[in-house]
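To start, the structure itself, in structure tokens.
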């Protein structure tokens, strides 16, 4: 590889970070209230829940799949945490992980062994998980609260070194995510499966098991994010998570992961999440944009960022294609 | 992915033309109060302050449009230096960050239209940390008044459901089959308006049978579609209770295209008081509309100003709900939003 | 010698097709076993049944003396059967090293992947097989030949008892074939059983000990390679009489074509960064121009550039004296220049569409009026070419993905021919095609040239280039080394031209 | 070489049959269930209601089927419906025709934007169209100033309520569009090229197909059809409601297409299946409402039926992705 190719590759993989840096720079110059410690702390905690969901999504997308159920699973995770905490904090933490993991397992089995298209499978579980949530909350009318003193609640609300504990959890999970994707056979196989599922199978990789585990992981991470968010707001709110899957997908793609699978980075996803959140923060900094224009601006921004990403990544690919 | 609109609010006296400001329910004025000392905030002159308004849903239905407009207009009238507005687009997490962002941007007082009664705790904590007064409008928070927030302005949704039930019972002569078009699942407003209606109906007119409860998601097209299905399955239906005007208007279209004459064959009652629905009462197609007045601006700023100048304010300012019926609709339609 | 793997009475049916019926196969330790047969005879299917890709409908499998049934390729691999399936089957986005070690990457003491070790081992391994590549490069940036060698290296590197190679040489040069055979010799010496599939008969006689011949999914012969004369083998594969086969020669090219005067294709100064450097190619009507070169010499790039599939930095392409807009496949096609891509699977067939649609694809606009496809014209043209190229398919409605490799190739050729081209660019047209079909394709190319088409021919098989071409342009590293013409078109001259550049290595 | 198996094994036969006809079978089962257990089901009025309600989803799904055939997806359809709905009342003053035309043009422009992002810029369809899903509804609300407008125009209302030969005009319109798209896919160069591009884009490009133009056209068609659906929905609602019209239609349309047997991996388009898929999903919704099931149960039942329908139709090669 020539140096130019390497550089192009670097920019492609780090494109989202470059864009993020740019946006942050412009925002800092334009708005006094933007480059403050408080604001940074806010952005960090507000990004953390989406980031955890997007982490699972990154792996699923790298494997060539997609998980649309995460929004509902996230909501379900929160409700379950608030429900389970009455039987003890540990139950409150484990219940969402187990149930959401089970939904992920269902997705995984249907996709990996049933050979069904992930888009439609997870679209179905998006409905199913929401239905389950409504069923256990009396059609959504019961909101269970979480005791503020409980350590599980503190997992959402507490701070450490000025940053919310969910932020630290997110950082930890992403660190693990980086290692798993880059430095383990599991991650390596995931990349291979996304690159060519058929080839991976013929090369003797445990394609089905690996794929299934990815969906389990995605379900559990979404459930965990929901549980943390519930702890953060000390209540298992039933109306959260709608459209979260699209935010997560957008973050992953902005982060430079190919939706067709086979290539992507965990760090890029984090940058993608931060980008989405910074945009929202900037819109609030303006403070007077009507809600209609807010959507228009976010949509346009999404298109621009992804177009820039795609341009950078194609420059990279052009360097090498036979 | 997309969000549903829903509306809530409190009704009150109104003046002609663009409609009137809200009036607090008389008799509620002797409830617990809150003042600066109790809450732990500083005196402040609103004209020269930065005030933040956090809207919960897109301004894409009459209630939200009127609510935001009313706040903006009053802020200008009071001479607020800078009014920050945000919209959570029906996402709870966004509302939390919106409020945090506004605090961070220097908001000195906040008016919040909560998306949900629970779950805003982190945002309230952030305000608490800086002793910023928070007035909540249209939906009551499950939190400690005068501690987590100053006071609440709004109406009683359970009461709205009850009054709708009373109207329906009257319209049907205490006997008949009624379908309920529910709001969005999981929404407090849906729950309260349903419970109020169902409980009251069981009490005052046990012979009124509730034969269907299906969600129309507070949207007109969904209301229409669901109504079309119900009416096929249950052609002998006598009444429709819609939990907002939009669904009621959709249901009217469905009823008419199924060959029913609304107002004669089927009685329709809804909650809201948008101009379109009140007009239908005038036209005799709807039996009654329980009003919800979204014009929180004057009352909210008045409460805020009173509080910030050091005087006590009521913790719960429940607004008196108006009712549009045959008798008054024609006169009042100009006041509807 | 002990039997390592024994399959008995294997049967496999696909909807509408009996791919295998009552086939036996025994592999012994330390032998190289040839599996031959026409395209579609069932060779690849048999391999897939043996290794757990497909479940057999009938029959049993004994491996190391035990009844076994592999449910997945993974199980077969874990049990010690390593396979290179037909068509390069690796992960294109991953690095070369990753591809070699996927699933058994070296790990450090924390259980994490050790990339340094992996890259070093991969480099060393490939080096020992004579392949010098930067192992950190994504695989897809390499030519097909290198990819195929990587696949072989991957299979041979495991501690396997059985190594199965399904047409490993289809993209290899003679030099690479030698390397491969050295690897196979090593495996044989280590007591590994090797199952070897190839349509190149010379190779079989060079390396194989025993042979199994399939025809139409049935076993027709199994025995020692040396006991089976070449002609008999061909006769058995094709199911024809010995005499009939005897009458036909080695390749079906008849050499020397009466070439026209003015070139139909004149490409000059073709340059693309890192890949092509000032390449000139001219072809006269009725002339077959071969492109010679070793792996990565830029032959594929040259034809891609001419066909408009590779953006050029500079250079021009003239057809019948008219300058062509470069970088546009459609423009080249309109001018009558069509290309048969090297990678049939990725760039050629539409596996889920029918034979009919695949053939008519490029010609659709001319088979339709006002945007409506004329089924009648489509059928007639498809019918013509299916007959002319003797495409074996259940019906024109069969999915192309279900056809054997050779027939897929013919479908692609048919697609090009319906365009009534002036210039045919053929990148490895006979790769993976059985002797019978190969002869047919070669004869066809000859015939097309006689009809006045200009042909550019790329082939990894030197005799094919030499016998088929009227002139050979020899490339090295994207540059023209020399152009052989007339009496100079012979294997010795070609080898000399190539040897010249290998000395620079 | 190949031998046609005379009688495929019964088991394989049933499965193959279900794979191709699973949706139709499911519809039959559901109809049978309703005939027995649902009151007032077998009436003309009910038939008409179901068909009218499915019409806008179907119209959107037709475009979606084409896009999915190219191995893409169009998430923006719901927002495009809203844009069309928002534009109508703005120009109704000049007459129905100009207003409808402008709404269609707006739909086409949205499609062109998607097409440009996908075919020219090279963004992956799901994200390219996500941008318009987010931004489009905002735009619709900007056009309409957030307001719902009651439609007074008689010709437009006639589209919503009129009948022809005993069936609503909307149903005829949807049927005609379905037939048109079916012909388009089956008998036109464009349709065949579309399928080819979805099957193998690189091969199609090398075969000289106008890949960009085909992709662009496909997204434009999807946008225009979404606009048609927006107009139809508006006419039926007798009001232009840019905040609600088309909400979540993208998911309904994708579901209809996939349940109807068109693989998300592209290269194959089943229009008849799409019609059946849309009808099936409509029947499910109707059944659930008519039996007054709570939302929770309704959603879980829908999820189960979607999985079942797709499971029955999974392709033999099992191209899971």
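Going in written order, the chains are labelled A, B, C and D, and every chain counts its residues from 1.
One rule holds for everything that comes next: a residue touches a chain if its C-beta (ideal position, glycine included) is under 8 Å from a C-beta of that chain, and two chains touch if they have at least 3 such contacts.
What you are looking at is a predicted structure, and each value in this text was computed from that prediction instead of being measured.
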Chain separated most widely from chain B, comparing mean CA positions: C
Centroid distance [mean C-alpha coordinates] between chain B and chain A, Å: 34
Mean-CA-position distance for chain D and chain A (Å): 29
Chain centre separation in whole Å, for chain C relative to chain B (CA means): 72
Shared interface positions of chain C, touching two or more other chains: none
Multi-partner residues of chain A (each touching 2 or more other chains): 133-134, 139-140, 246, 290-292, 294-295
Residues within chain B bordering two or more other chains: 1-2, 58-60, 185
Interchain contacts (touch definition) - all pairs: A-B, A-C, A-D, B-D, C-D
Touching residues on chain D, where the partner in the complex is chain C: 1-5, 8, 12, 16, 187-190, 192-193, 195-196, 199-200, 202-210, 267-268, 316-317
For the chain A and chain C complex, residues of the former touching the latter: 1-2, 179, 182-185, 188-189, 191-192, 195-196, 198-206, 208, 262-263, 320-322
Complex interface listing, chain D residues touching chain B: 38-41, 43, 45-46, 49, 52-53, 75, 78, 133, 137, 141, 146-148, 150, 161, 233, 236-239, 241-245, 247-248, 250-251, 285-286, 289-290, 292, 294-296
Parts of chain B lying in touch with chain D, wherever the complex brings them together: 1-2, 4-5, 58-62, 65, 182, 185, 211-215, 219-222, 224-226, 228-230, 232-235, 246, 249-250, 253, 257-258, 276
Touching residues (chain side chain D, partner chain A) in the complex: 73, 75, 117, 121-124, 126-128, 130-139, 141-142, 146, 251, 254-255, 258-259, 263-265, 294-304, 306-307, 310-311, 314, 318-321
